[in-house]
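After this come two complexes, each holding chain A, first together with chain B and then together with chain C.
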Partner chain A sequence: MPITILAPKPTRQAHSHNGHNDDDAMSDSGSDSSGAGGDDDLDEMVSAAAAAGLKSQRDSKYEIVTPGEVITDDPQWMRGHGTYVNPATSAIISSVAGTVSRTNKLLSVRPLRARYTPEVGDLVVGRIVEVQAKRWRVDVGATQLASLPLSAINLPGGILRKRTETDELQIRTFFAEGDLLIAEVQQLFQDGGAVLHTRSLKYGKLRNGVFVAVSGMGGGGGVVRSRRQVWTMDAANGGGQIDVVLGVNGFVWISKHVETPEGLVEKAATTGITNLEESVSATMYSSQNDRIEVDTMREIARLRGVVIALVENGLRVDEDMLIRGYHEAVEMAMVSADGLDDLYLGGEKGEQLAAVLTGI
Partner chain B sequence: MPLDTSAYSLALLRVDGRRWNELRRIHAQIRTQAAADGSSYLEMGHTKVMCVVNGPSEPGPRRGGVGGTSAAGSGGGGGQSKDAEVAVSVVVAGFSSVDRKRRGKNDKRILELQSTISSALGASLHTHLFPHSTISISLHVLSLDGSLLAALINAATLACVDAGIPMTDYVAACTAGSTSTYAANDESADPLLDLNHQEEQELPGLTVATLGDSDRVAVLVCESRVQVGRLEGMLAVGVDGCKQVRGIIDRVVRDKGRRMLQEGTVEKGVGLEDMDLD
Partner chain C sequence: MSSTQHVLLSPAELAYLHASLSLTPPIRPDGRSPSQFRPLVAETGILPGTNGSARICFADGTEAIVGVKAEVERTRLAHDFDHNTFAAGSRLEGDFVEGSYAADAQVDAENVNEEQRVGDDDWVELTVEIPGYRDDDPGTVFLARMLGEALLADGEFARKLWINRRFHWKLFLDVILISPPLSYPLPLLSLTTHLALLSTRLPRLKSEGDEDPFFDDDWAAAPFIYSRNSSNSSSSSSSTTKDGKTSTTSRPPISLLVMAVGNNIIFDPSKEELAVADVALAVSVGEAPSAAAARGKDAMDVDTTTQDGLQRNLQILSVRTIDPPSRLTPPGVPNATNSAYGAAAVVASAQKQPEARAAESEAVEGVWKAPRGGARARVMAALVLEVLGRGGVADEVMDALDGVDLV
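For the complex of A and B:
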């Protein structure tokens, strides 16, 4: 990643700019308090709360709290994430830079950017970093490594087979260090550690594709929790079908679409269940890529370029954005000099793409 | 060339034209590196520092630990402790000062800088939220012109804010000195704020860091001989300078946050005013 250090602004200008901002805040606070000083009971209540609770007036649209800033010293609020309480004054103080959010009486601060915090049910993409006796340790971009117990994976030869000692001995044949997998957060520990499971044919080892890590939760774009995070799309230019997995943790997997186990399940309804088990177990833990056509590879690389361009320009990465961005990128490649092989979407081209996407 | 301190009493101006209570120009930026969890770039006058924060994250098994034990030298910590470990590494570039000096990894001064920064930030950061993990802060000094420790602490604080690591408050640092040397034993010596390299060489000085807007001192380092009578004035000026520095770096964070809100990359917050209405 390149280092971006901007040339310093002329000091005069910076001063006048800041001064202007301060003036703005001042005049805003003046108008606010005068507005709230009306006869209305409600207004009085609000102004009282504002006077008691708010340390400083904030521009209601673009308000940011920073570490050490008192959010409120009104004892009616409860503190949530991103805040702490000063025991001496019982004021709620922000501990991160971000925006205030509230759930009923619970005040929390969403940081502008932070590492991923796992929640039960999240779909994540992770990488195995350690193999232990009965479990794997998986890097999911959180503050701690997640663990994937041997009992929480689909063992070959029967979907819900009990694990045996033989499985423990050959644990590396399922997942070894460096393997990528898609999993779901099953459980959380008190200290924030997560336990994953892959007990569904939707989950498991990843192959035939490319991995992109974008910054996780909060700020700077990134992946958001949404209704659909795994989908198959038709690639342009004879690229066939492409699978996209957007992990909630900001890890993205883009791969060639292969006949999924779900597809097999439908077939199995006609051919019988034993057939299914055999065909699933044969491919489930394979680390061997299938043959991928050059066209498909090119379109996968283009999708990856779109993801990175979205992140660089501070846009959200979700299904709608990615599909629209991809079609736009294909159009842009059509008119460029290099034709379809023009995959570069950084710099100006990325900005152009972002402008088109935000313009609609 | 020795610093001529006799001129100060004539115009009350220092070698670089500042008055006794003036800071040098501070320019700071956050999020300079997209790949890191948090990053910052800070200039205090001609002292230029870059900081990158990674983590909190749990260190995986040591690379090469299976093959041989040679690689598993330092930084094995973190491990099973209940609090996150703050690991700081400082690299002073060879081209940073006028005389090109090679500083080894085990330079005692650098080790002391590292441990000072680590303990200062460790006290402010809420490390208890991240058991078994490590927050690694790496600082690079690109240009060196006095007040190194202060610049390093400020840059590290900014990068930690950028990384979204919860902390009690900013740790803002600044240096203070005195207008005449220890040997001169001048009764009427004035305190000075924010020493540059030349002043740092000649005059007694100290580095002080405070926690946010309060007067709570987080770091106080004095490596030179100074009359105890002057110390109080120096400390008062230093603490005052820290508050100014905090204001400046806070504004950097706010500007960045406001810009992100305007661009729509983060969701807008809610005002507390709305809440009483329902």
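For the complex of A and C:
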């Protein structure tokens, strides 16, 4: 069936008519509220909160507030992220559109959609959108373009080489418009703009894979900061090894894992370079893909489908979730009619996948 | 927007996408099969103030609404004289007296023959609105023309708007994309327009002949402009549809966006896929009048059978080439000529003159090169087969659209 047409879903009843309706749909184990243990706790908490003077006509726990909406005027609550207090009054007002979350006496609003706010040390995936005389402007999904100075990249031919005027002239041979790169936030400006650097052999231009942006997800979904943002995993079905880069900014890169490019080591040896680091840095600015097997491409596409399915169902994207989701997707494909070539994970299959992942 | 909308992708990404889409079967980045559409949510009758309306929402968040409004308009009399074939004796020259027209109408009232139901393309006005683009933006105008052209291509649609010799319906189709155009919105807008027209109803005509038109107040009695079952359209009391003859089409056409990479035909491409397309085509498919099919005039007709055994004669109304954004992408630099790559770079090439980006180079595996040339004959043949063939894509899409409840 090439096309599926669904009837529109009825809008979620924020103000429930008959007690509590579909609790499971948005249950988010990664919620930062302290009472995320069980629904009952939360319900008690909310009813306690309602009794304490929060807008009492709302008995649903998934209340959505809009910017400027008064959340409470009870002075016992403290304001958290996404809220502000008018100096004249003690009312806590939402500054974003999102869901209210309470941690003890702290009220905060988790935005439904948010742009990435850079922080020093974040690993990000970015796309060059502009080339200037001595720096690049990089789209990292933040409110402003980040900048990558020419002095903050590894120049080919040795990490410690001095930047020359020739490098400035051939700035486009390193990164040109549209190129994807992995970098780290080095410094922040007052206005929130970020300065990036790629002075590590782990960073640099990206190739041999696909890109997917899951940025803009507030409250629970999308990429979250975690212990490991970059890892290599074994793909099922003879797919070889796959590299996954989860940029903190929500840009995800999935590519074939490449060891030191073949041929380069020998070439480097003939030119008298024995330092592997230098030869690795030499391949950093290639925009030519290596040969990629069909199996690897198929598994990369499957992994990309898992990322999208996770995001569409409001789940967080991290290493654990993605690997579990991937194995689940492989198993789902095995039992499906088309076998392993069944890659599609949208619509119902995505929901099925999410249900399995949250059920555990 | 539109064809020239630039999607910024790196040469390495483009090369990867092109390679995976050229495989047999192609591996699409979102895992769909080549002829699979993105799942969509559709509903009709969302705007109470219109004669017909529909909303379609793709899973990627693009959403469109279409409203159809009808107005009664006086037909230009000169136009009547040009097109209506009166008997030579009764033909009036110069100024036209209403009284004599009424007398004329009494004669013809019972047997209004087909030739007198003439339509004019001006009776349909279709406008497209894309957020963030001027309404005279070439892309928007092109989209509107493409949708309107397919609609009027069979010449039947405008004739449905005929009331009598003095009046006709004027139909205004407002096609509005609500979301930003994440991908080329042609299939979305076309499907939404299709649904809106299917749900369009015009008030039932109570007056007879060439009187000033007078309509039934009862909206429930208003007939659909496209009657749902074409086989017994003769029984419908519609004043605007044909009497007796089944030569009318029972549904508006649909326009599909199709692209080709290598020898693969890919339907409903996403933005990324379109960015590596060798060829992008807008194919309008309509249901051929069965009379035309019987005459066998159109060689492209392929008879298909729907589940309930009805014949569905599909025909391609138009195929338009859309300039794919892939043509504007910069080429990748092969490692061999990359001055920042490999040993060449290691041996401090600082003295070497910076080479301009290699504009022309041989095709190297793994290096992106913008496609050249148009659609090949083989691709076109495969396309026609995919679209029109038994159980083909157009058939499936129309079946799926049949499943949408009309409000």
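In the analysis below, the second predicted complex is superposed on the first by the 232 of 360 C-alpha atoms of A that agree within 3 Å, B and C clash if a C-alpha of one lies under 4 Å from a C-alpha of the other, contacts with A are read in each partner's own complex, and residues count from 1 in each chain.
Note that in this section contacts are C-beta pairs under 8 Å (C-beta built on N, C-alpha and C of every residue); 3 or more make two chains touch, one makes a residue touch a chain.
Predicted model only: the values in this text are computed from it and were never measured.
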{"item": "Touched partner set for A:Asp341, first chain B, second chain C, both or neither", "value": "second"}
{"item": "Contacts of A:Asn208 with chain B and chain C, given as first, second, both or neither", "value": "second"}
{"item": "Which of chain B and chain C A:Asp290 touches, first, second, both or neither", "value": "second"}
{"item": "Contacts of A:Gly192 with chain B and chain C, given as first, second, both or neither", "value": "first"}
{"item": "Touching partner for A:Tyr84 - first (chain B), second (chain C), both, neither", "value": "first"}
{"item": "Touching partner for A:Glu130 - first (chain B), second (chain C), both, neither", "value": "first"}
{"item": "Shared chain A surface residues [contacts with chain B and with chain C]", "value": "1-6, 8, 129, 312"}
{"item": "Touch list for chain A against partner chain C, complex", "value": "1-9, 127, 129, 156-158, 161, 164, 166-167, 169-170, 172-174, 176-180, 205-212, 264, 267-268, 270-271, 273, 278-279, 282-283, 285-292, 294, 297-298, 301-302, 304-305, 308, 312, 341, 343-347"}
{"item": "Complex contact set, residues of chain A against chain B", "value": "1-6, 8, 11, 18, 42, 45-46, 49-50, 53-54, 58, 60-68, 71-72, 82, 84, 93, 95-102, 107, 110-115, 129-130, 137, 139, 142-145, 191-192, 215, 218-221, 311-312, 314-315"}
{"item": "Of chain B, residues touching chain A in the complex", "value": "25, 27, 29, 31-35, 37-38, 41, 43, 50, 55-58, 60-61, 84, 126, 129-133, 161-170, 211-213, 250-251, 253-254, 256-258, 260-273, 275-277"}
{"item": "Residues of chain C touching chain A in the complex", "value": "8-13, 15-17, 19-20, 23, 25, 27-33, 35-43, 55, 57, 59, 267, 329-330, 332-335, 338-343, 345-352, 354-355, 357, 364-368, 393, 396-397, 400-401, 403-405"}
